[in-house]
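Two complexes are shown next, each including chain A; its partner changes from chain B in the first to chain C in the second.
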Partner chain A sequence: MASRSVSPGGALLRASRMFSMPAPLPPPAQEAAQATFRSHSDTATSAYPTHQVITTLSHARKEGDWGLKRPLPLRSTTKSSTPMLRIKGIDTIEQITDYTSGADHGLSLLKFQELGLPISTPSSRISSLSRSDSGARSVFDDDIDCTDIAAKDRAKLVDQRWRFSGPWLAGMSPGDFKKYLAEKVRPRRTAFRNFLKEKIARGLNETAKERALDRAEEEPPEVTVESILDEQVTEYLREVRNQNAILYQLVGEFLDLAPLKPPSDITSDQLMGNQRVTLAPDTRNPYAQHGPPKTHPSAGLSYIRTGAYMENHPVYGPQKEHKPVEARVLRPRSSQHHSAKLGIAGFVSESQAGDNIHNQKSGKSPLRHFDPELQGGAKLYVQPELASVDSDGKLRIKIKDSVDLEAELVARELIGEGEGLFGQQPKQVEEVSKETLRRHYSTKTSRGAQDYGISMDS
Partner chain B sequence: MIIRNFGVRHGRQVLSAPPSAPSCLRLLSTQTTTAVAGNEAAVEQLAALSATHAAREARLAAKRQEREIAAMPSKFKKFIAYQKETEKLGSEIERRYLPDEIIRNPPHDASLEDLLAAQCHMGHHVSRWNPANSRYIYGQRSDIHIISLEQTAAHLRRAARVVEEVAYYGGLILFVGNRKGQMPIVTRMAEMAGACHLFQKWTPGCITNKDVLLQGGQLKIVDETDRELQGFDEHLRDCRPVTPDLVVCLNPLENYSMLRECAVATIPTVGIVDTDADPSWVTYQIPANDDSLRSVALIAGVLGRAGERGQQRRLEDAKQGVVAWQTPKDVTTFVNRVNKNIKAEAAAKEKKRLAEGGPDDNGLKPADLMTEEEVLAEMFGPGAVPSKY
Partner chain C sequence: MSKSLLPRALRLLQPRFYSSSSTTSSAPSLTRSPSQSSKPTTTTTRSPTSALSSLFAQDELSKPSGHMNSPLGSGTEAAEEVIKHQHRTEMYLRKHPRVWRDGDVYAPHDLSPAEAKKWRGVKAPKKDVIDMLGVNPLDNYRNFSMISEFMTPMGRIMHSKDTGLRPVNQRKMAKAIRRAIGLGIHPSVHRHPEVMKMRGRLITGI
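Entry: the complex of A and B
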């Protein structure tokens, strides 16, 4: 489709910053459900930002100029050291610009980018006990980051897509599912029958062709879609009714449903029962387990494709491990089932289960014991390993189950804590302060009482 | 003070520093006059001892100081060399954004990019629109109306032309902007265009009831090169207060009464019309955002520049003897009346003189009482008078 030609002013407007502001996202489902969102913490931010955060130059900020309809009040916009705002309305019916601070999510983004973590696809094993998680890949890998797919290839490339026009059935509530059936699915009955006719015709043609090849005969004339009778379709439906996998595949292709991961363990009911155990076909789509993401799976948090880079230290050279970061223990382990919550770069992460350094039963680990004496809570160094955005838009950071002690010492040293690790700390160059120099050179000048021969020595 | 403790108490420096006798004397005399004879020797001994010690200290200090001074030039040279080496490093910022640049040095014409950058395109919330502005509206976005930049640019050019020509024809322009923060804009544009400004509340009736409200305001009569003319006191005492010939209003919504008075007095007006304003309030509309100070500053700056151009053209033409404007009728009448009076007075005086036969006004000059020879001598000097005469 050729774009309509626009006037010069229109072209300018289309390229302007105001027009490039994205439309706000719907608020996170959990917060939207509660009329007044109350979190456990009064400083908690919503799971993901819904509005674009804007900032302005320092000179313009002093004038209140944020590039909006009117200058913003200086009292509330000039005092912050993190000038970030989210604009809820450029102009409202009350003739005011509706804005709030956007520093919470803005700083979270900056802090996350400081970690240098790539965003990977969600892990198939959520509480993985294995040390290596080979299931994670960068969300920018070419074969899984594609949205421009022709309609006929959609079913074929189902394992590589993250955007589907249909819903992810496992994430729907029963009410939503019923509504979906009534509003979206039922009106498409005839379309589905036509879709089945196509399928039947293709199947018939393929088998006929194969048979002809086997018998070295001439190819029979093709069966057209129109020649398939309604009775044939009904018969086919009866056939596949008991074959869940095939039926799901057909329905999923027709409605473009997001793929579902079949349950990993088969319940005893199914094993004991007489009926055949038929499950949805297994899929290799990384979003099948927890649902496809709402936005691009990176959520714009990080654009680096891999974490396989090496950090360099000015003195110690290239480092084997990435710099560990200090995490705050938000909640120690309460029981066997609740792992400890850690705050890393403004995001909440859970400590790894299983036998690891964060999970020692002996000793006074801050992850097991809450120390009320500690100002600001306990902190410990952790090594973030993977980050992924789940289908709710929340960022999940997975930490390694151990921290390299050497890397921790280097990290401590870089921020001025701890002793020199390998060599000696650089010598401080002794500098003569200005005050000393001034005093030194002013011995000949008048010094009040001393001019009169009165010394203060004794 | 006890004199034997003097040395201890006042330390070495007093005694070591070139022991000037007068100061010592003064010290002693101010403190005590009863020196015990036996202690004098001890004092002298102590003084000598501390003097040698202090002298050594002073020498050391002097040496240290010399060393440092000697070290300074090399350090300074190093510093200068370092500075020279590093001054080429870094980037040079040739053009930086200064918010008040648009007020101090506004452009002569606003391009579409300028208008866009100055937020001129942002109208009000769609529910606040005045349908009469639909011709200026390009569309809506983020729940506000977007004003067409082409419309703004075209209307701004037209208004600038109006301001320029009014200034060229010697008209009196009034710039009005009485929203918060518009004072520097209004004063600057009035300064450029040689016009009047108003950044406070418009007193209602200043046009329709000017004879009462503006009574006693100062007026002056100027010629074509803006020099004040004398001799019009009588006229200025009698004449009515003036009204502007063009009013430029940056916020028409708050100045309804003023614009109404202008309409009644058939004074043309130029106004920034946002999407919620009524465009029929002003004669020459400029559809633009009137809330942003940057937008207002840009539009006002272009108008101020236009006024400046008009004034310059007028003064240049006046130097060439071309005067485009006409003297107001009341002034012409006054001048004619005064001339007529003067002529009539002179005629009456002449008539009276002739009737009385008296001397004319000029009176006698010394030359009238001199002989012709004396006059010649006066004119050419005594030697210049021809002898044969």
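Entry: the complex of A and C
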């Protein structure tokens, strides 16, 4: 049907959140890479999903009913064991529903939630290469998880905020910065001068009050904003021009810029006594190093607030460590790359950079060498420690140095691989034929006489 | 759990690498193939010490024999093994040229050969690099690195489908190249030799 007249109630429902799919997000930005000659793939799984993933009940899936405008073809939507789809267009110009599988991100989310890791704020660099995890807090702590801040408190709470209306200057390319100056900053000159007038007025009033207190005099009349002349503002600007720190504070407050961490070269200059190079005071904001996050710091991946819970084993009792997880070795260590890349729960992470017994050059460690004879690829058990979402929207998982041997044995026993701690042998599970499996998961409801065990041959 | 278990486990710490196949059910180790796995058939429970010690004992026995038997030749054999493994690793990893970045998400599809093929080779950029840098190409006619970058090894101006520039910037860049060549400060049939030298391609001429 090309166009149908919709009742007012129907129009309201269509526009409501309950009956509409959220608008797709812009794809992850890989700006630097996309401007170079490096290879990139359109079909690679993106760092975060951009479309809503939908699912449906098993009985509805057999009919192709996904709650959309039309039923979807059964051959492509009923064969998978994970009923997850990503709808790119509910009704396109060709009068079809444009869909594709959403199991890549859907399953990654489920796998990550199975880890039971809370999401923490990034502490300088969440990577297995760094040793310190000081200052990593849950992103849901009340003082840092607040966006409803009054305009006058914004400057005071810079260290606790994650959302800023202005950009992060260190993350802007020069072209973007010039564009930002021309479009957003230049038109606001008069507003900035008024802002400075308020600051000057406040400063003058405060100094006058203090002087009056010191000399035990009466409080002088307050200086109003209107009484301050433009020349005073210009004079103040001339004074402040050479004091970068104060100027940066003023500009940052006015434009609501995200806090910056001064680069290490400048701090060494500071040590030599070059005061002019001071850019900004030391900020405690965890996002000063790499920029504020694009979305809520948790990115909706996990709502657990802490990892301080004890895992209880049905046989061995409370466990000291959380359950270690099987990780895939994606790329072994080499002379160019000092740490192997591991895949945990569908997310790429790094192994330890240093030399240890597990990644020696000699021997057949999969952290160092690729072994094509290993069935299903090289995997090893690791213990994830911290997880945080960085400013690109990517999830960074930090792994512990080594896995507790007993914890690994217990984890393997739980999934039926290997001996238990007390030498228990794993259960022998009989192999189920493919035919039986196919029959079990098929969408056909009855097979006729065969269901009753009556074969047509006899 | 007995106290003797912990010290022993830590003393005999061995890497525990294995495949995910269900056939190797007891103490799998790299150096032992599935056919050789000597799984005990008794179902009686043993003490924790003996269970763990059996795992380590099997591993020690299955170490390569050259390691212990020939002290003179072990050095060269070990070195040869290392070189062999390194070579094999390089050869196989060439088939998966994707550079994995921290935080990337991967699904089984990303490890397939079809996807791996897409990451091979050099591709034309998708974004305009001149817009990103905010420079005026015409003011950079003396910047030989930039001029040589937008020129083919034969000295021809690159097409916009290879440079990824939008039409305005492509024209400005082409004009800057023609200006540099016209002034005689940049070669017309190859890239600038200083630039080639910097990139280590003076001999190949690319």
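Operating definition for what follows: the second predicted complex is superposed on the first by the 350 of 458 C-alpha atoms of A that agree within 3 Å, B and C clash if a C-alpha of one lies under 4 Å from a C-alpha of the other, contacts with A are read in each partner's own complex, and residues count from 1 in each chain.
Everything below uses one rule, namely that a residue touches a chain if its C-beta (ideal position, glycine included) is under 8 Å from a C-beta of that chain, and two chains touch if they have at least 3 such contacts.
Given the structure is predicted, the values throughout are model-derived calculations rather than measurements.
Touch counts on chain A: comparing chain C and chain B, the chain ahead is C. Once the two complexes are laid over each other on the shared chain, residue contacts for A:Ser365 go to chain C alone; chain B is not touched.
In the overlay built on the shared chain, the residue A:Leu68 is in contact with chain B alone; chain C does not reach it.
In the superposed model, A:Thr190 lies in contact with neither chain B nor chain C.
Contact with neither chain B nor chain C is seen for A:Ser81 once the two complexes are overlaid on the shared chain.
In the superposed model, A:Gln95 makes contact with chain B only, not with chain C. Of the two partner chains placed by superposition, only chain B is touched by A:Gly9; chain C is not.
In the superposition on chain A, contact of A:Phe19 is made with chain B only, not with chain C. By the touch criterion defined above, A:Thr147 reaches neither chain B nor chain C. Residue overlap on chain A between its contacts with chain B in one complex and with chain C in the other: absent. Interface residues of chain A facing chain C in the complex, by the touch rule stated above, are 31, 34-48, 103-105, 107-108, 127, 173-179, 316, 326, 330-332, 334, 341, 343, 346-350, 357-358, 361-362, 364-366, 368-372, 374-381, 390, 392, 394-396, 405-406, 408-409, 416-426. Interface residues of chain C, counted against chain A in their complex, comprise 1, 5-6, 9-10, 13, 15-22, 25-28, 30-31, 39-40, 43, 45-48, 50-52, 54-55, 78, 81-82, 85-86, 88-89, 92-93, 96-98, 100-107, 109-111, 115, 118-135, 164.
Those residues of chain B that touch chain A in the complex are listed here as 8-14, 17, 23, 27, 61, 64-65, 68, 97-99, 112-113, 116, 119, 121-125, 127-128, 138, 141-144, 146, 148-150, 153, 181, 289, 291-294. Chain contact summary for the complex, chain A toward chain B: residues 7-10, 12-13, 16, 18-19, 21, 57, 59-60, 62-65, 67-71, 89-93, 95, 440-441, 443, 450, 452-455, 457-458.
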